[in-house]
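Below, chain A partners chain B and then partners chain C, in two separate complexes.
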Partner chain A sequence: MKKYFFPLLRKVFNGIITLFFLICLIFLLLRLAPGNPVHKFVSPEFSPELSEKIYNSFNLNAPLHEQFLSFLANIISLNFGISYIYRQPVFEVIMNYFPFTLMFAFIVFFIQTAGSIVLSLYSFKKKNCWQDIFFNKFSLIIYSVPTYVLAVLLILFFSVCLQIFPSAGINSFNPEENNYFRFAAEKINYLFLPVMTLSIIGTAYFYRYLRENMDMTDSAPFTLLLKSNGLSRNGILIKHILPNSVFPLISVAGIEIGMLLSGALITETIFALPGMGRLTVTSILQRDYPLVTGCAFVSGLCVILSNIAADFIKSVIDSRIAGDLIE
Partner chain B sequence: MTGLFLQTGTFVVFLSSALILVNIDLYMNLHHIIISIFSDSFRWNVFDYFFTAIALPLMLVTSLVLRKVELLSQKISLLKMTMLLLFSFLVFAPAFVSSDPDFHYELKAARLLPPLSSKTLLIISDSDNTNSKFRTSLITRDYNYFEIYTGEKIEISGKPAKISSQNGVKFTRFENKYFAVKKAFFLLGTDNFGRDVFSRIVYGTRLSLFIASLVTLFSSFFGIVFGYLAGIFSGFTDRVFDKFADALLCVPLLFLVIFIAAFTGNSLFTIILILSLTGWMSLFKIVRGEVISLKNKNFIITSQMLGIGKLKILKDEILPLIAAPVIVNLVFLFSNVIITESALSYLGFGSGVDYPSWGAMINQGQLYLSNAWWISGFSCLIIFITVITINNAAKKINDLSFKL
Partner chain C sequence: MIKKNFAFVLLLIFFSSCGKDGKDTRLVSIGISSDIQSASPVYSFGVSESILFEHTNLGLVGHKWDSAKGGLTDYPLLAEDWKWNESRDEVVFTLRSDIKWSDDKAFSPEDIVFTYSVYSNPVVQSSFFGMFDKFHTLENGQIDIKNTFEIISPQKIKFKFVKNSNPSLLETDLPIIAKHIFEGIPDSLISVSDAIFKSCGTGPYKLKKWERNQYILLEKRKGHFLVNDLSPSRIILKVIPEYFTRKNQLLTGEIDVLPEINTEDIYEFENRKDLNISAMQGRYIDFICWNNVSPEAFLKDSVIPNKYFGSKDIRKALTYGINRKMILDEFLLGRGSVANEPVSPIFKDNYSKSTNFSYNPKKALAILKNAGWQDSDNNGILDKSGQEFSFTLNFVTGKPLREYTANIVKSDLKKIGINVNLEPLERGVFLEKMYSRQMDAFISGWQVPIPLHIKPYWNSDLKKYQTNTSGFMNKEIDQLLDKTSQTNDPAELKRIYNKIQNIIRENQPVTFLFWIDNFSVYSSKIKNAEVNSLGSVQRCWEWEVR
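On to the complex of A and B.
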């Protein structure tokens, strides 16, 4: 355990510095933003004394470094202020939306990881056959389809032409009347298209990495040795080639899960899902600055934490790189 | 020195000849242009003239340069054809379309027309010259920024007196007015405002490619300069730049762009600025890594000992060595910028409010998906074609650089 402790500590320290830079950026943008946040709370009908009082209560006359320090202290204590549109503390609002994103992100992540491993194993076994060529070309095509294009095409096909799945939303009109069975069926019905949208693209993304790594591992000297020793092809594939080619994928997966956790902005907006991404877009469109700050902080935290987790898993699997995790 | 002089001279000659040949209108409207550049309201049409005038000679120069390296004499492939098509959309957009992208045809007749449909058009003019000011009616009305939907009742009386033909359009004279009937053809249909989808797509190509090329230019500048600085001055500068790039990378790109766009507003130039300020990080990482690995090589140290300036070392020694990964990264950045820009317009943050844009068209067409699939369908298709073409080009360049 001691072997992993110091590199992990260094990684966490680096993550904290990165977060600090992010907070600096948010503060800078908030201060540079046109208009004064106080204007939202002051009406011309107020008496000048009351307006003065409200102005002073925002502490905007204080020197910039004092403002920054109080901003930093508030963020560290997870006190982002009170959201303008929801009229409740930002942390509570985010906690209302975060569980859905957590579930959604892990479903998508599971499907894309499993799907890409299965597909790449299949196409590796059928190397240079038409299946392999088809999957390689198809993944390249999917790789260059933007999310919103795929989402619109899926809606066009499944909702408009075939009318199988609903095009938006998460609940039907009376979700309380459902029993557990129908509740699950309804959730699957509503989540099918958004999960498909994200996981098709993610599968293509992972598949390309895996397939390339498999080819590289296949031509490595140790594989040749194993083959010449007469081990079975499937045994080599499952025991040696797959673990070695999944290993470089872990850091990519760390980035991917971080991005998913910080909210799939476009997918959640298109399908009107109650997740972090849609919350972010709404907060920005409504100029709800406390909520924007909270969302930026949470998404940055998610990305950094998942990166640290990916590096930690890598160092546990391969203890040679535990020492030089960073740089 | 003379070579440079000649090149500049040729460029100026090309520029002026293109100005004269292509856009005689430019001289007619010069005072408008000068006013609109310095006024607050930026007009796309005016910019269009300028852009055509600059891009056309640039294309001639590029074709000459390409002929020099014998890229034009290669075999024709689908990739090159698509790139040529997109590039000609960018340069000759007005030549491809029959109507202005913002031209509202009459809603009663031309709303949500399916692809490959055509309508008859009545042109009313004071003279039989098609170049003179004319008005189209019955199906379309006079296109004016302030009076799009205003039109008066037209009374045709008297016998047709004279028939004359101008530019293939036959004019019939009634008393003192000239009338002509023309076919308006909608290749990809019309949208819910009665605008031609094809011309909007062509102009959207122009906007997207224009934004993407400018953003790539700016962010390559930022990336290379910051990466070089961070690589060559190790220590504190390196740390600051690196952590800053990490902080920008740790929030999703789209989130960052929307976040800044919320504070700065969404005009064309702020979008370009924001995208180039948020796109340099990956290039920065590549250049920094390469410079750190090259820094301790003998030839760099020798040049430093000889007293060659840091900028000259970057230009002559380092840039040629890291050209391949940088170019591949830039091409991927180009396609990423196109995707991000369309996503921004899709969400309503981009410049798609003012100008025809792919993302805005997808968003607009999503409401009419059940009865007019062509609005978002064709915009999706063109985004897909553009992105896959650019990604394929990047892959080709990558393979070439590995061969060398």
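On to the complex of A and C.
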């Protein structure tokens, strides 16, 4: 375990530095970008004096360097301030949305990973048969479909035509009246379409990656050696080809899970889901500077952590790269 | 076999759980596009909040829209009666005796005084701040409580207004908040206190549950004087940001009410027997704003006429040069009317119709030539003193009607030798440029307020009134606008508004495009529901769910 410690520590340290620069950059970009958070309050009767008072109450009238120093002082204690639109501490607002995103992201990630492995194995076993050709072509088509198109198609088919699944939301209006089983069934019912939207496309993406790796591994000299030694085809596939093919996928999966944890904006908007993607975009459009910074911090943190996790898993699988894992 | 049975049982349980919400037949679900941001009316900045607070926090009186007369009528809410003094600057309200807060605490006139004190306090930054110019106020704009309110008894309260300020019941209709919820919180901390997330009201519905960005569940307060057995037992405001999803939810019966549908969807809903479409002549107007003042000079605190749009003749020519009827017919399928004035046709008494400024490119060209604009270098674009007539037209991204209008404007004006560059802007950027008057021309829109009040849009004090986005300045208009708040005489108001509309038409500070009709769809299980000029979702306690 010791051999992982220092590389991991170095990676964590690099992550903290990256995160620090990320939120500093976000802070500066927000202040330089056009737009004014007070404009959402402007109404015909709204006086410029009150407008200025609100602006000042957001501490936006102070010189940029003063704002930046105060921002840095707060960031050290992980205090992102009060959200302009939610009127609550940024951390509390994010905590209202992040648990859903966490659950949603892991369900999607699990389905797309498991789905792609099963499909790749099946397709590989049927190599050059019509099933293999079909999956290869079909995955390309699915991968090329924009998320919103697939979401709309799924809604039209399952929700409007068949009326099996609800088209938006995450629960009914009386979840407290449900028992646990009904509660779980209801969650599955409401999340089915959004999860499918993301995981179908994700599965196609992982499938293409994995399937290609399997072909490359299959043509590697060591596979030929194993075949010549008389090992069974299934044994080679499960014990040698699959692990070697999954290995490069781990890095891609690390990025993918990080992106999912940052929020899936289009899916969340179409299906009215209360996730980080929707929160981030709302905060950007409303010029809620503290919340934008908080969301960027969480997104950055998720991407960095998932990458560290991916590197760590890779080093555990292949101890040869433990030392330089993370270079 | 065991596996199959297990899968079957799972599926059975799963699908048995997939039914529609509950068995409450008097539940009404309404699709809204954005969530509320607080549960207290102190910060009521959006449409969703207006819907909520109308049902949870009553005012002393309410107002209904009377389509026949084109104006508001008052009706009692917390006050069962009221009496003005002879000079009409004091009014005594007799409060109902059966009012209780939703947490069962007693309601008192102290709550009313506290409410007005909080709303008018500049430190609190309430959305109602700035609406108290007819009240006695302190230097900071806060209502002078001692000189304004007199609690005569637990059932009677007197409002005293500034002499000759011509107050009406509209000054007394704000939603009342519970003093016991806010008491003890410093004014400066109200905006970030937990109190603004606690709903406590005197309305016929109470906020039962609020799932952020999901739904707001209102429950009927049994025994409340406004509800009856047929009123909706629960109202759900479902937050669905995407219009496409809201529409599908209506089609599948997941919601019962969809306010403000797109015009092109009317035909789809018309064929449904389980849905009723309600239509209303709108008070929403789109217009092209010609910046009457120079953006560069305005940035330096100076006001000089815009090099293109500083002249009223040029602005008239531009209006003649744009085929507004065609945009209305093509994009809005004729569901609306071409506008020529800032007063909506819904205000029957004060609206003066004009059919001038129909599409006439020849007349537009003639006016431009008279003003010295000619195509001297034969490049198809008019020029004057070496300056080509070429400007940028801005509009907000993501609004198909505005994008369509912009393209038609570009094409129409090209025909009369004017080059228009189209530049869509993100909403935040657009608003900043609009309020600082840094655009030459842009497409925007506004909703004429009820009661009719257009002073902020046309007053010449450009510093004070950011909403006068065209920078139009006219002393006669200023005087007339002041007079509108000094009289309640319908004949006098009609005369004043006619004059205002004539002056604005004559000067064309903006090119008014069209009044857009409002369509809303209701499930046929709801009776008594209809869209009117105040909106699509109002007084839900009067709806009957069968």
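Convention: the second predicted complex is superposed on the first by the 289 of 327 C-alpha atoms of A that agree within 3 Å, B and C clash if a C-alpha of one lies under 4 Å from a C-alpha of the other, contacts with A are read in each partner's own complex, and residues count from 1 in each chain.
Here is the rule we use: a residue touches a chain if its C-beta (ideal position, glycine included) is under 8 Å from a C-beta of that chain, and two chains touch if they have at least 3 such contacts.
Remember, predicted model here, so these are calculated numbers, not experimental data.
Chemist: With both complexes superposed on chain A, which partner does A:L119 reach: first (chain B), second (chain C), both or neither?
Modeler: A:L119 sits against neither chain B nor chain C.
Chemist: Once the shared chain is lined up, is A:M259 touching chain B (first), chain C (second), both, or neither of them?
Modeler: First partner only.
Chemist: Taking the superposition as given, does A:I94 touch the first partner, chain B, the second, chain C, both, or neither?
Modeler: After superposition on chain A, A:I94 lies in contact with neither partner.
Chemist: Between chain B (first) and chain C (second), which does A:V149 come into contact with in this model arrangement: first, second, both, or neither?
Modeler: In the superposition, A:V149 touches chain B alone.
Chemist: What is the contact status of A:A204 with respect to chain B (first) and chain C (second): first, second, both, or neither?
Modeler: neither
Chemist: Contact-wise, after the overlay, does A:T269 reach chain B, chain C, both or neither (first, second, both, neither)?
Modeler: both
Chemist: For A:S299, using the defined touch cut-off, is the partner it touches chain B, chain C, both, or neither? Pick first, second, both or neither.
Modeler: It touches chain B, and chain C stays clear.
Chemist: Going by the contact rule set out at the top, does A:T18 touch chain B (first), chain C (second), both, or neither?
Modeler: A:T18 contacts chain B only, not chain C.
Chemist: I'd like to know which partner A:R182 touches here: chain B for first, chain C for second, both or neither.
Modeler: It touches chain C, and chain B stays clear.
Chemist: Can you give me the overlap between the chain B contact set and the chain C contact set on chain A?
Modeler: Shared contact residues on chain A (touching chain B in one complex, chain C in the other): 34, 152, 155-156, 160, 167, 269-270, 285, 287.
Chemist: For chain A, which residues are in contact with chain C within the complex?
Modeler: The touching residues are 34-36, 39-48, 50-51, 53-54, 57, 82, 85-88, 96-97, 152, 155-156, 159-160, 163-174, 177, 181-182, 185-186, 188-189, 269-272, 274, 278-279, 285-287.
Chemist: Can you check the complex and tell me which residues of chain A touch chain B?
Modeler: 14, 17-19, 21-22, 24-25, 29-30, 32-34, 140-141, 143-149, 152-153, 155-156, 160, 167, 258-259, 262-263, 265-266, 269-270, 280-281, 284-285, 287, 292, 295-296, 299-300, 303-304, 307
Chemist: Which positions of chain C touch chain A when the two form their complex?
Modeler: Where chain C meets chain A, its residues are 13-14, 16-18, 21-22, 27, 29, 37-38, 43, 45, 122, 125, 127, 129-131, 191-192, 196, 209, 211-215, 217, 234, 236, 238-242, 244-245, 248-249, 251-252, 254, 426-429, 431-433, 435, 449, 453, 456-457, 463-467.
Chemist: Which positions of chain B touch chain A when the two form their complex?
Modeler: 243-244, 246-248, 250-252, 254-255, 258-260, 262-263, 265, 335, 339, 342-343, 346-348, 359, 362, 366, 369-370, 373, 376-377, 380, 383-384, 387-388, 391, 395
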